[in-house]
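Two complexes, one shared chain (chain A), two partners (chain B, chain C).
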Partner chain A sequence: MIVVQEMSFSYRRNKPVLDQINLQMEAGGVYGVLGANGVGKTTLLHLLGGLLFPSSGNITADGMKPMLRQPAFLEQVYYVPVEFDLPRITVQAYQQRYAPFYRQFSFTTWAHALETFGIDAHVSLAHLSFGQKKKVILSFAIASGCRILLFDEPTDGLDIPSKDSFRRLLSARIDEQRLAIITTHHVLDVAMLLDHLVVLKDQHVLMQSSIEQLTARVRTATTTQLPGADELLYSERVPGGYHCLLRNMQGQEGPLDLELLFKALQSHPEIVQNSLTHEQHI
Partner chain B sequence: MEFQAQTAIWLQIARQIATRIMVGEWPPGERIPSVRELAAELQVNPNTVVRSVTFLQDAGIIVNQRGIGYFVADDGVSKARDLRKKAFTEELLPVFFQTVDELGIQWEELKTWYQQHQNNSKS
Partner chain C sequence: MNNTFDFRRFVQVLRLSWQNQPILPYVVLVGLIPLLLFFFVIDAFGAYVNLQSDGPFLMFNEYLFICGWLYAGVAYSELVKLGSATRYLMLPASALEKWLAKSVLVWVVFPVITWLTFNLVFEFFGLISLRWFAFKYRPINWVSADLGISLFTFYMALPAAYASGVAWKRLGILKGLVFFVVLFIVLFQLILIGTGGFSFVSEKSSLIEQVSLSYNNDEIDADIQIMVRYFWLIGILVPSFLLFVSSYFFTRERTL
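The block that comes next holds the complex of A and B.
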């Protein structure tokens, strides 16, 4: 479990990227972190992984402070960055070099993941494309057995079938002990894997909620005519009519298009206060 | 008017499993794939599938044998059909009838089309 309390971080004096944020992320969850470019998603992952230190406030992960970089913490966290440099060694040599740092590393899962992605363990990392290297790192993360998995734009660089493979592999590794945090702009790539959503906006956490709570309150639908103002929260035109974010009036759960929800929150952040966080009395 | 009966993912998954039971993919008494296997196959969060199978269990379509897994109930096939039928009559039919009214389609017209459809599927 990760707890972030009143945590601020700034790269430059008096210009906080994250300003006194609070977050709670439970083991067993898959958390999606959404936010516009430059809002601090990667910074947040760096802070959670102990790569950056909070300017003020606290982070604890399974009771440990990431910034102390204790071995007990480091062997339980794996971070997949957007961009990375890999040594000029074979895929197999890479695994042999780094797997010993992770006590729960699974060789079976590693072999299975590489096979699923179609990566030959005997080739040199120097000869792989960006997407192929990404597959190696994702395979390593999934096989690491770490209790905390941090993914920054995991589907970036993956071709369409590989996105399926990634979802299938990660889905099979989700369990009560593990916490996965995924930041992404391609929310549809991972939407079905998420059970919690965190939206960052203007140095703050605009919203954090389980998907279950969200779907109890709002739903998305495509309609031919614009629904009434009591129900409608946000809409955009699509070829067949309107794609709408609607208040869930009957309490019957519908589908929720996270991309539309995100767009709605970007232009109408008050939706969180009015319709997502408080009980509705209609 | 909304385009189609739009339902939550867990319910879509539950209905899909019900359909697979209805068409005999897993006969009564047989074990269905585990939550983990279904989640990987469908590329969704396992917790979503947990909701789906809990729903199917409450509907009496599958039964849980602790520690072993979920099995198709003896009357699972007919109950799966009931579930699908309920969804059809409550969600698809109202939309269908609304369109019928909008376009002023007569009962006799509908009947002819249905007969045509039956002839087509026979040949």
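The block that comes next holds the complex of A and C.
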């Protein structure tokens, strides 16, 4: 659905933010993009949405080039940015103004999402808090019917019940035809949603893998004593023992702590990478 | 490239652009009404003595120029903030449709609104001036050559207002203002060169005098007339047109 080939981007000459990136993202998936501050997560979303143009290389989404911003492409992509500036109109008026541009817009989903988030459609956007505005934008994105949904820090500003609501609403909307890409620092907020993980580091894709492949190779566990070196990949001291990233030697099933995996990749990329069967690495 | 045009979608974009248009020019439009009435009063005393006045028409020009150029300058203000720019650029419509929608508002709708507002104020003053001063301005001749000249000057400078608006948003108010003044002076000087200057001391109104050489003066030599027309084409119309077209590319090539 989205293919990124040898794509580079820089804001300033000779200082690439992203360098020779290759990615492939398929419909039906929820992709999490992780990376440290300034590594280019938002830039990547902007490039996928056609808000920035690659310095070199290609991006295609559903066979179209985002940078051309063709209406057929824009009808299929909805981007929820971190920063947004909404007009001083009611929630309902916002929907009435913008929904006609999206042919697949679902009024039922819109009403359901607003109800789930507890937003009154008759209230003015100017009177809403940042978190409430975020809920309106998220509701619109989910109801838009777009095939590609781009979320930049979607859980920022949401309270705990709303994070759960967002997860439920999005997972109900993602089907075989749709794709969601989420960049976040709060990986625990969306961990249950993700089925693919992309980690960016030093202008490159450090790792791209499905969660299924990851859990087959590594696992996380909290132990009182450090496991042996053959099994241990990374550990953190926690009250009462160690939180460890381990090789999944016996094919055990269990939850994978993505935050710990991310930290391990940041501090010991080679060791962790060697333990993973991944589709791509630097 | 992104230049498809669909009429149904264009109407949608036009409606959205209308709904999302900047408020500032309307504030100025209404805010200037007392000033307009004040000048009518001042001018009415002179007109009463002279029994004629071009004052209202000249005031209309100033009113249209101030409000219209301001509107043109802030037409793309939604591209300034990251949030609103994202929403605008991601709107499912082509760059051509978005640009045309803005252009229709800037070049047609807002000038018409300004004209209607002015007429309302003018008629209102007519009602009270009869009662207070036993005086009423004669109706403005809206099909005169003066209006053509006035609109020509107005539309010619709209692209300059666009460009200065962009400079204002990119560089800040002060540098944007400097840019506007410089650009406008350059255009104005080009007009002066083309027309051989003008004088306020004239039987004609100053506006007619400004541009009469190229459009209304039949006494000059035919060759000079042709040269002057070429000058207007190359020196004024072409740069203005290029600036206007550049606003399309500004929309199309804009990134965050």
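By definition in this document, the second predicted complex is superposed on the first by the 275 of 282 C-alpha atoms of A that agree within 3 Å, B and C clash if a C-alpha of one lies under 4 Å from a C-alpha of the other, contacts with A are read in each partner's own complex, and residues count from 1 in each chain.
Following the convention adopted for this analysis, a residue touches a chain if its C-beta (ideal position, glycine included) is under 8 Å from a C-beta of that chain, and two chains touch if they have at least 3 such contacts.
Owing to the predicted nature of the structure, the values given are computational and were not obtained by experimental measurement.
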Should the superposition on chain A be reported as showing a clash between chain B and chain C, or a fit?
fit
Mind computing the angle chain B to chain A to chain C from the CA centres, in steps of 10 degrees?
150
For A:P66, select first, second, both or neither according to whether it touches chain B, chain C, the two together, or no partner.
neither
On the A-aligned overlay, A:P54 touches which partner chain: chain B = first, chain C = second, or both, or neither?
neither
Mind working out whether A:G40 is in touch with chain B, chain C, both or neither, as first, second, both or neither?
neither
Can A:P100 be said to touch chain B (first), chain C (second), both, or neither?
second
Touched partner set for A:G145, first chain B, second chain C, both or neither:
neither
Using the superposition on chain A described above, determine whether A:P81 touches chain B (first), chain C (second), both, or neither.
second
Which partner does A:P154 contact after superposing on A: first (chain B), second (chain C), both, neither?
neither
Between chain B and chain C, once the two complexes are placed on the common chain, what is the minimum CA to CA distance in Å?
27
Residue ranges of chain C touching chain A (in the complex, touch as defined)
1-2, 4, 6, 9, 12, 16, 19-20, 81-84, 86-87, 89-95, 97, 252, 255-256
Residue set of chain A touching chain C in the complex reads 46, 49-53, 68-71, 74-75, 77-79, 81, 83-87, 97-98, 100-102
Mind pulling up the chain B residues that touch chain A in the complex?
1-3, 6-12, 36, 39-48
Going by the contact rule at the top, pick out the chain A residues touching chain B in the complex.
28, 30, 164, 167-169, 171-172, 174-175, 192-195, 215, 219-225, 240-241, 253-256
